[in-house]
Amino acid sequence: MNSMMAMATDNRAVPLTDGPATSSPLLGVEDLGIAFGATKVVEGLRFSVDPGRTLAIVGESGSGKSITSLAVMGLLGSSASVSGRALFRRRDGEVVDLLRLSPGRSRALRGDEIAMVFQEPMTALNPVLRIGDQLVEVLRNHGRPTRGAARARALEMLRTVGIPDPESRLHAYPHELSGGMRQRVMIAMALMLEPGLLIADEPTTALDVTIQAQILLLLRRLQKSLGMALVFITHDLGIVGQIADDVAVMYSGRVVEAGPARAVLATPNHPYTRGLLGSAPQVDASGTPLPLKPIPGIVPSPVFPPAGCRFHPRCGEAKAGLCDRTEPVLEPTGSARGVSCLRWKEIAS
Amino acid sequence: MRRVLDPVLQIVPTVLVVSLIAFLLTSLLPGDAALSRLGLDATQEQLDTMREQMGLNDPVPVRYLYWLGRAVTGDLGNSLRSGEPVAEVLARRIPVTLELAVFGTGLALLIGVPLGILAAVRRDSWIDVATNLFALSGMAIPFFWLGLLLIMFFSLHLQWLPPSGYVPFFENPVRNLHLMALPSLTIAVAFAATLMRQTRASMLEVLNADYIRTAHAKGTPPIRVILHHALRNALIPIITVLGLQMGTLLGGAIVTETVFGLPGLGRMMVDGIYKRDFPIVQGALITIVVAIVVTNLLTDLCYRFVNPRIR
Amino acid sequence: MTETMFQASVRMPVRAARTSLLSRVLASWQGRIGGGIVTFFTLMAVFAPWITPHSPTEVDFMSVMVVPTLEHPFGTDEVGRDILSRVILGARTSLLVVVAATLISSVAGAAIGLVAGWVGGWVDTLVMRVMDAMLAFPLIVLALAIIAVLGPSLTNAIIAIGIVKIPHFARLMRGEVLTLRTLDYIKAVETMGLGLPRILLRHVLPNAAGPVLVYMSIAASLALMTEASLSFLGLGIQPPTPSWGGMVSVGMQNWHFWWMSFYPGLAIFITVLAFNLLGDAIRDAMDRRLS
Amino acid sequence: MTRPLLEVRRLRKTFAPRRRGGSPVRAVTDVSFDLREGEVLGLVGESGSGKSTIGQCLVHLHRPDGGEILLDGENLATLPRGAFRRRRTAVQMIFQDPSSALNPRMSVGDALREALRLHSPHAGRDVIEERLERLLRLIGLQPEHASRYPHQLSGGQKQRIGIARAIAVEPRCLIADEAVSALDVSIQAQIITLLGDLQQSLGLTMLFISHDLGVVRYVADRVAVLYLGRLVEIGPARDIFAAPAHPYTQALLAAIPDPARPLDESAILDDPAGPDPRAAGGGCAFAPRCPHVMDLCRKDQPFLTQVAADHTCACVLRKIHPDRQGETV
């Protein structure tokens, strides 16, 4: 685990900031916009992930974090209009724009090179199909495996994710498993073909805290052993500290702050990131809880977003005439970090 | 074994309550059964003896148990008019209604389920609008009027099919199918409409489910998502509706049999009411209701088969 | 937290002031067409005696079974009565049956369901067992059986049709009550020790009323259909009172004079369709309002 | 020492099996604890621990199968219906889900007026209106919020109204059942702060039920930990967090995600199956998952033993090494 921390501190170029990415990342999202009709729920989003790294996208409900992952997966319905680019480097080196793929090519990538784990293990598995069949289906969607080979692979994956007695679980229905076990099955299913990129959308939110810790540990071990890139979507800054190399903090459809996870958590530049940290239960070294400093107000509706900086109505640092007029952009602040705040320099000093 | 036995045992109380309702209704029928049997010339003395013989003077619970005891051995009494045993009349009538119900259900399934799937998948397209209009009309059209329109068009105008009559299937299969075509279509239309709406609604709900998103996320071909992942789940409420609609179907059969002159159970019951022949009414009523309870049992078993969660 | 909820709220952006249910119903085409026809049907029924072009009961052997003409737009029947006038008057009979029967079944059914659902225990088991047994009878079959006991007449048709729909309302209401009991605001007023009548009248009934209202529209269409079927079988409204079902039945014996059965049947079809459309519109309006 | 406000003694609740032939679910087994005047007791456990069932028994939404619930020495569990209704306002609940906590057809003002009138049925209109305004300000809303309907409020605002309704009847004690779990982090912090302020200013006695130890740490004076329907540890919050005695409490604490602390791999339970009421048999319910399990644990049910002042724990390890009290195993 200390190795992870070490990795997080090395000065890799995190291409969240301006300028083209130096080394081509596995996934590079540029200027992503998602709108339902006239309602823009995500705007000007950029982030990237390298193989073997974990990017946490953190935000509250309505921040657009989940919808972003669905857009990258090509799973948004036709009611959404998507703009921008999401460049993905395939196994054979070809770089494709995930937002412009034909439905057939997009499907060929899903489950094979890009996989996803969802929030609700209770409803994400098909209740009328056996676990084994649901696992094997991934292989059948992307090839013609023999029965024996497919079964063997399913068994192997169930074992890999730590499911006891995997032979009998192959024949079980989802409702016969506990929540934690179902989430393990979901992870096994996502990793059947060893994808280069795994997107996990709040995979532990529905689980008990002791089970959550197990799943986090499992994801981290699998990510290291398979060398895949992991995009971990969460609302919990505590989890960010435990799993992420890099973090992008989202608020109301934009990235407000990004950079190496440890640096961002230690010295947040954006008032919203500070507010989130102040809202999260924390203890100091002696175990005494630090006082809570909640953010006042409520998350803005994407239908009637505030003018200027979207956070200004709740921001203690907002300056009238500036923050309510001008919309900030994500600007580099050095050491691979970026912040989207008009006053970050004044606040920092 | 248990999952088959349990629901079977559960219908026993239902059948008892149903038979009690049927018995109470028909035992309250106006008109004196003894009088009906003996005719108006009977003397008061003869009537009293007959009442005693028929057990009409016993209290109602005793009569019910007595009646139930005979009913389970197949003795449902005799027709007051013809004197024929009710069981024999039933034996002649049941095949007609059964055939009508089977053809009607089959047609309804063939029309309703595929159209419902199509409407759900192509939501808000012209197909969806058209099938919705079909469903709305199908549910609003009275069986007897639809039957008449079909007769006017196919029998009188085009002269393709005979307007009425009945020939048993094993006597002349071709003629039987000719005669049954229009009645089957008549009762199938409303049923198909209901099935279509239910199929569409449950498909739409299922298509929004998380596991459908999972199926897409693992790269499952769309057609397989619909037929393998969605339909299997959508079938669960469809089967429920199938069971619930059996009553409507048999109710429709009663009216339809009158229109097409089919000698089935429904006609038997209506004629029985006209003629105040209460054993006949009772026999038809019990048979129809037991048929519905049994179909509900079958759909329940199907449901258990399709839905692993309640096994 | 889930993004699907988020999408749903995005789909209908403005949820400003609560608009009235009526205006929401009338905002849909189903609501406008269904509501329009039901209003038309009601007005026609109420003012029937004053708007019929001919006497609906006067026999005229000089014009028996006349094809539709300007004089008799729907033609005449086997004794020369004007079919249009009889269809208009028939609306009156149908409206009476529909309103009375639906009121009987909805009030009785909702009361039974409310008690069964709230009290629970053996009361619930017993009541619902009887309701389930009644549900095993097809509507028309149970209505026929009741008619067989009571004898065919207008009043008895109303009673029979009213009784057969009770279990549907009872089940619906019971389901609503059971769902509401799991909601925190009902639990909250229970734990506050609010009086039972106030809990039921102020918190349970208003929130359970929606589905019952929707179902009343569907029950009305079924009542109309059942009445027409009974009359068609000769066991509902008795002649000479005009009823649409009875008119189709007479027309059936005279196949070649198509108009005799066509127009009364069309009247049933359109009215039932209108009630169904209205039911759909009310349901959609409620769904949107509660979301 | 004065008598505790609420005494729960050997509370039991078993639910009928969901399916025919299934085994009955023992949601709560022999749970005893006190709730002292003016304190906040955190009731902590994961899903299936029975913590919500206990809360619902206290406000009589469930009738316990056994045991006593003594409020000022009077047993609520066996009180006849009529007498109970008069005592009902003494214990009030704040619910988890803000979306279903308010009647959608009633304005905020009407919902609160109903509660205020219940508390003082003979108060005049002016008095009620004045109290309503004070109540709204107390929970951080404005008087104009009284005319709003639930669908016009945010989740956090609804939760504030839920709190207002509960305190409107001036209860002796409050049960907060996962009252902040459904809220976003920034809103959650607001509500925790509000509850803390109210507790201070009104001197509330509160049972704070939560699965989230991180949140409980902020509000609770004492903490009770439940596992599969049994109390495994209870003690002052400071002791529990500094020196948890029960292996389950230790695992629970280690699993709380903290932005400033990396995942402690050694403390993570190695049991993919999770809690299973059937796996325990006659012994300690936690035995199948416990890293320190011994043969003894699988046979006998451990009892609560004192490990420090006002701090008890139900673990065999604690009985064997009484001299190691307070030390982490």
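Every chain is named by a letter (A, B, C and D) in the order it is written, and numbering of its residues begins at 1.
In the analysis below, contacts are C-beta pairs under 8 Å (C-beta built on N, C-alpha and C of every residue); 3 or more make two chains touch, one makes a residue touch a chain.
Here the structure is a predicted model, which means the values were calculated and not measured.
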item: Touching subunit A and also subunit C, the following chains; value: B, D
item: Which of A-D and C-D has more C-beta contact pairs; value: A-D
item: Distance from the mean Cα position of subunit D to that of subunit C, given in whole angstrom; value: 49
item: Distance from the mean Cα position of subunit D to that of subunit B, given in whole angstrom; value: 53
item: Between subunit D and subunit A, distance of the C-alpha-averaged centres to the nearest whole Å; value: 32
item: Whole-Å gap between the CA centroids of subunit A and subunit B; value: 54
item: Multi-partner residues of subunit A (each touching 2 or more other chains); value: 61, 120, 235
item: Two or more partner chains touched - positions in subunit D; value: 184
item: Shared interface positions of subunit B, touching two or more other chains; value: none
item: Partner subunit D, residues of subunit A touching it in the complex; value: 1-2, 4-5, 60-61, 162-164, 178-181, 184, 208-214, 216-217, 220, 235-243, 265, 275-283, 287, 289, 292-296, 298-299
item: Residues of subunit C defined as touching subunit B within the complex; value: 4, 129-130, 132-141, 144-149, 151, 221, 225, 228-229, 232-235, 245, 248-249, 251-252, 255-256, 258, 261-262, 265-266, 268-270, 272-273, 276-277
item: Subunit D to subunit A touching residues, read off their complex; value: 46-47, 154, 156-157, 184-190, 192-193, 211-215, 217-218, 241-242, 251-252, 254-263, 265, 267-270, 272-274, 276
item: Partner subunit C, residues of subunit B touching it in the complex; value: 13-14, 17-18, 21-22, 25-26, 28-30, 136-137, 139-145, 148-149, 151-152, 156, 163, 208, 247-248, 250-251, 254-255, 258-259, 269-270, 273-274, 281, 285, 288-289, 292-293, 296
item: Residue ranges of subunit A touching subunit B (in the complex, touch as defined); value: 73, 75, 103, 107-112, 115-116, 118, 120, 123-129, 137-138, 141-142, 173, 175, 186, 189-190
